[in-house]
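See the structures that follow.
Common to both upcoming complexes is subunit A, partnered first by subunit B, then by subunit C.
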Partner chain A sequence: MAEDLVLDTAIRDWVLIPLSVVMVLIGVLRYFVSKLMRSAQIPDAKLVKEGQVIVRARNLRAAANFIPPKSFRARRLYYSNEENGLLYVPKGQAPNAQAQMFSDPNMAMDMMKKNLSMIIPQTLTFAWVNFFFSGFVAAKIPFPLTQRFRAMLQNGIDLSTVDVSYVSSRSWYFLNLFGLRGLFSIILGEENATDDTQRMMQMTGFGFDPTKSLGAEKDGLDIVQHDWTMPKFERRAEAVLRKLVR
Partner chain B sequence: MVTKSEEEQLNRLEAQVDNAGGGAWEYLCLVRKLKVRRPDKVLKHGLAILNDSKKRSALGTEEWTLCEQVAVAAMDCQSLDVAKDCIKVLRKRFPDSKRVGRLEGMLLEAKGLWAEAEKAYSSFLEDNPFDQVIHKRRVALAKAQGNITTAIECLNKYLDTFMADHDAWRELAEIYVSLQMYKQAAFCYEELILSQPTNPLHHLAYADVLYTIGGLENLQAAKKYYASTINLTGGKNRRALFGVCLCTSAIGQLSKGRNKEDKDSPELQSLAVAALEKDYKQRAPGKLPLLTSALKSLRVSS
Partner chain C sequence: MAGHDESETSGRKESEEIDVPIFSAENMQSNMKVIYYSRTFMSIIGGVIAGILGFTGLTGFVIYFLVMAITSIGLIAKTGFSIHSYFIGWSQIILDGFLGGLMSFVLFWTFAYDIVHIF
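Entry: the complex of A and B
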């Protein structure tokens, strides 16, 4: 086992530093490009309203016991009657998210723009790193690590004898890709950081269906047992006052 | 809602700034964060910073935020020239910003050019029908002109979409009360209680409205809500204490001669009277005779 691999200073000057600098520059560039391509989004009227309906219905469910029974019944009817209740979704009318996406070209366009600004630079830089810097041992971290980290730190080097604390160039690329977020938030301002990981999360969360939560909210409202707490409060108020007067 | 500690902090900072102790920027930031309305102070100290080129450049991009804040405060104080200058600077920096456009609309409003302001707001709403601030400005505009029915219309339209906005519900409730449309106001207050069930002010206002509508059932409900206000404020709210007394006497009058089956809290009003008397003894002993005579006229001072 090679105890001490001596790393050439030229590797530092021509691999490690250029790689980091290029990654930062690409991040900044991508931010500006995506800013150019971003179209001002006007939220869909129905979506906005549905979100608000859900909030209001949730409030009703949570605080139902604070209003008189008559008012509660009127509200419940308003929300969940089968003709034009706010929470009532007619069967078969619930739109399929997938179908909606294809029927609305704008939506697909936005998705594509987002993806393009993310995927194209990534593939290009990855190809560039692979072509020029494959197989370099670019850096050494100053503490020992267990074998499990080999896949993370020595991507591209298929040697089991090299100590795990050495970092290969391709791994350095990945570390930069995901680790530069803090730096971007300093350079580009707090909320402007291009955050790949978060974007990926959004991608997977796509297809959220508000009509489903409308239905769930309606079911929740239907089973609420109304029990007006105010009569209890009278007795409690008496106790409060008794303490105050004494 | 501004909490007590936040208010204390604000007042401390204000005193410090007023006595030239520095910290003007922190004070302005806090005012902005808490959304309190102290236009005279904001105008004075904000303008001092804006006129000092060194301090101004030290703010960096925050300079524009301050400009906006000072412009709004200046409109509040009717120093329209200052507001105009601020807006001009902002317009130069952000040539096609909607936020600056909003300020310009407000300036038109401040000048009393209602029709032009209305036109500006409508064109903004055409661009983006979901701009909540513009919707609210339109309500304010209608109210300023004395067009209460238009204001109600606008608010209803706004609430049709943004129905979880409790501030709008409160505004609507207050308008309805001012027009003596108590049934509608009661609905709004119910909505407010639903969204903030632990805010005693909503319970109190709802009780007031119910008491005003009258009728045995409403009076009983009003009494219950006064009781819950007492509960939530720890008995510190005098209006609620008086309310309990009034409700009890009104209920007594209405249900005279009937069988008194619902006596769930017979002691409540005598306790409320005792609490009121104690409170007046402590804080305003001179007015105690007034209180006793008032309570006697209600025939509740047992």
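Entry: the complex of A and C
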């Protein structure tokens, strides 16, 4: 009985398509609004310096095998010796990142703006969908699912006889919410995607602790097994040249 | 590994002698981004195609895997069949982001299928 459920074409024209289009447009709007609201913050000189030191140390680690052992040892000492190495952080001197974050009102403000720009449109759209389209069977997914998915796909319809593959309009909204991420990353560039992950990071982990990454980089540099590759490259060059000559 | 090759004079073993990974991380990342984009794009296109043609059930998912395989082949052809100058290994170009586009695929498949077929 559930198989021959006939849906009115008006539902397609006035529920399914408008809902999807609105979701896309709201995503685009949200992107531009959050871009406008993003305040250009002046980075802290000390943090930038530490970040650059980390990048330099990482470069050294990646290219360690291209310099002679003596040079490598000298550079490693420069970064990680226990007295004045660039990566060495004295024990009690590590600043509390969390406290620093709270003392900077700009940071908290920025975070709130970002969160708001995400939450407000979602709440509004959800309210809009609920108000206008509650109780419609709006779509049918083209593959069968088990009863377990009923709560997920037929949110807003309290009928246990309808086949599970029919989707209510409210659940179509949720499907759009998650499935359009890929489309956004194409039409808006990857800035959109990275923004999302950054937002996640800020919400959960409260940024990162620069001193911790300094220490990690120092440990990484300390355990590098240095193995100069230049002699091997000479052999390789010899082989290539011989091949050319032949 | 290269210990007994040291007296070799011919260039046959040259790839074994130098096993240092020599690549630039930024270029690598940009290549991965290209893979990710093409997969997302192809999964959306594939979803629309599967929906319009009216595939249901398992056939649709087969189409997804087919589309992903075609994408992989296309990417490999784009590298001129010399993967190692762009990526670390075969698995990277074939498997990375394989399931990432599934959500987009299902959404667009459902959308196109509903518009064309069920009403």
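Criterion: the second predicted complex is superposed on the first by the 152 of 246 C-alpha atoms of A that agree within 3 Å, B and C clash if a C-alpha of one lies under 4 Å from a C-alpha of the other, contacts with A are read in each partner's own complex, and residues count from 1 in each chain.
The rule is short, and it goes like this: a residue touches a chain if its C-beta (ideal position, glycine included) is under 8 Å from a C-beta of that chain, and two chains touch if they have at least 3 such contacts.
Being a predicted model, the structure only gives us computed values, none of them experimental.
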Would you sort A:R12 into first (subunit B), second (subunit C), both or neither based on which partner it touches?
-> second
Applying the touch criterion given at the start, work out whether A:R242 contacts subunit B, subunit C, both or neither, answering first, second, both or neither.
-> both
For A:I120, select first, second, both or neither according to whether it touches subunit B, subunit C, the two together, or no partner.
-> neither
For A:V53, is the partner it touches subunit B (first), subunit C (second), both, or none of the two (neither)?
-> first
Identify the partner contact of A:F233: answer first if only subunit B is touched, second if only subunit C is, both if each is, neither if none is.
-> both
Give one of first, second, both or neither to describe whether A:A45 is in contact with subunit B, with subunit C, with both, or with none.
-> first
Of the partners subunit B and subunit C, which touch A:P68 in the superposed model: first, second, both, neither?
-> first
Residues on subunit A touched by both subunit B and subunit C 62, 233, 235-236, 238, 240, 242
How about subunit B: which of its residues touch subunit A in the complex?
-> 128-130, 160-165, 187, 190-191, 193-195, 197, 221, 223-225, 227-228, 230-231, 234-235, 264-265, 267-268, 271-272, 274-275, 278
Touching subunit B in the complex, subunit A uses residues 42-43, 45, 48-49, 52-53, 55-56, 59-60, 62-64, 66-68, 71, 230-231, 233-238, 240-242, 244-245
Touching residues on subunit A, where the partner in the complex is subunit C | 7-9, 11-12, 16-17, 20, 62, 65, 139-144, 167, 175-176, 178-183, 185-186, 190, 229, 232-233, 235-236, 238-240, 242-243
Mind listing the subunit C positions that touch subunit A in their complex?
-> 2, 6, 8-11, 14, 17-18, 20, 25, 33, 36-37, 40-41, 43-44, 51, 54-58, 60-61, 100-101, 103-104, 106-111, 113-115, 118-119
